[in-house]
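So that we are looking at the same thing, I have put the structure below in structure tokens.
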Amino acid sequence: MYIIVVGGGRVGYYLLKALLNEGHEVLLIEKDPRICKTITDEMGSVCFRGDGCEAAVLAEVGTGRADMLVAVTGDDEDNLVSCQVAKHKHNVPRTIARIRNPLNAVLFKKLGIDVTVSSTDIILESIEREVPTHPLTHLLTFEDKDLALVDVKIPAGSTTIGKTVKDLDLPRESNLALIIPSEGGARTPTPATVINEGDQIIAVTTRESEDLLRAALMGA
Amino acid sequence: MEFKKVLVPVVGTEADEEAMRLACRLAKKDKGKIWSVFVVAIKRALPLDAEIESEIKKAEEILDRVESIATEEDYETETDILQAREVGPAIVDEAVERGVDLILMGIAYKQRFGQFSLGNVVPYVLKNSPCPVILYQQ
Amino acid sequence: MKILIMGCGRVGARLASLLDEDGHNVTILDTDTYSFRRLPPSFGGTALFGNGIDEEALKKAGVEDMDIFIAVTQGDNRNVMACQLARHIFNVPRVMCRIYDPLREEMYSALGLETVSPTKVMAELFRDKIKG
């Protein structure tokens, strides 16, 4: 794959390294000549000096044949524009933008950016996974299908403890995929599987029925 | 100094021819081997293995010319076309790979924006070469 | 009309005071309160501290009720993003955007923003002057 990375900060630097190691053709676009020099000295001809938001620069580096453009500068607006230019001027099939402000995910999605990555959200999600007051966490979202893979932990005191799966009032759009008991070992749930305290349940659900699913699994 | 393996990067200027003559004279004494290479720089708009016929034809003509210079000097050279994103690193990589003990390149006097300019290939080679470098400026 | 201007530089401040004189209800936003010194003492609109590419700041400035949103900060990308926020998230009927880079300006104009490239305008203006 030919992947273009815009922004040679820490994220861009390590991303470039990792993608090169995976054997992709990768090019980093960076404005700062000093950063370009450091990267070229270390990794060879994999860095282009220029503004990754400029159509002319993107044309020069052959964005037209790129499979993916990843914009990871520190500024949301620059990442947005870079992805938009790649999409609209060069028909790049997949664009990924780093965002600082998690709220921007909505706008970016509306404007056709395929994937947004927010470090704030990622950290929040790992906090949620650790903190029992947030029993439902997102593991993966399938944006185009409006589905999410979620992880629900059964806390002590849940009214569903001791019930079997078939007795749960699950919303129609939700499916239980896996139950991981606190002692470990994953099981595929059957209608007769009993819910225990500390179980970790991996389920697939639509956004809408998330709350219903949580209620069904943990009781009111 | 012994010159068992000499690399002569060429670009198609007259300076190349003089550099080639000099390489022949230097290598002859030690029965050294001379490689002349032409680097085709491939723009990012194309994949690295793209075959640009016009460039390859040009490269072949230039390499034929230096080969005939070697013959005139009663010596011989092996020729090769390299494809790379940038010329400087390609020359240095080739020198490392072949383990040459001399890079000999001819350069033409050039101006850029009204000022003398070495371009970016020569400084790169001088900075990163694994072996001695001789520049011949015409 | 209710107009929100992002960026109180020379253009933003001048535009704000002109529109204010014309009787519009003007709000102007900047990330540096020192910029508001450029507004004339007679300015009757609202000057607010805030970043126009932040949804919450825009909401605070009342973006949802605006008839027109104009982005005239120094940054092309900031202007473009703010305008797209105003348009696609807050459904402001008219959004206008300064974009220095002519190529970017053409693209966003094609994508439906009302755009002005000072670079293009100035170059053409000088050429026309020479033409006479």
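Letters A, B and C name the chains as they come in the text, with residue numbers starting at 1 for each one.
As a working rule, contacts are C-beta pairs under 8 Å (C-beta built on N, C-alpha and C of every residue); 3 or more make two chains touch, one makes a residue touch a chain.
Note that the structure is a prediction, hence the values are computed from the model and not measured.
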Quick check of your reading of the touch definition: is the inter-chain graph here a line, ring, star, complete or other? line
Any idea which chain sits dead centre by C-alpha averages? A
Where the CA atoms of subunit A average out and where those of subunit C average out, how many Å apart are those spots? 33
Distance between chain centroids, defined by C-alpha means - subunit B, subunit C (Å): 55
Centre-of-Cα separation between subunit B and subunit A, whole angstrom: 48
Considering only the defined contacts, which subunit A positions touch subunit C in the complex? 53-56, 75-78, 80-81, 84-85, 88-89, 101, 103-104, 106-107, 110-111
Can you list the residues on subunit C that touch subunit A in the complex? 53-56, 75-78, 80-81, 84-85, 88-89, 101, 103-104, 107, 110-111
Any idea which subunit B residues touch subunit A in the complex? 43-48, 84-86, 89
Residue positions on subunit A within touch of subunit B in the complex are 2, 25, 27, 44-45, 48, 59-62, 64-65
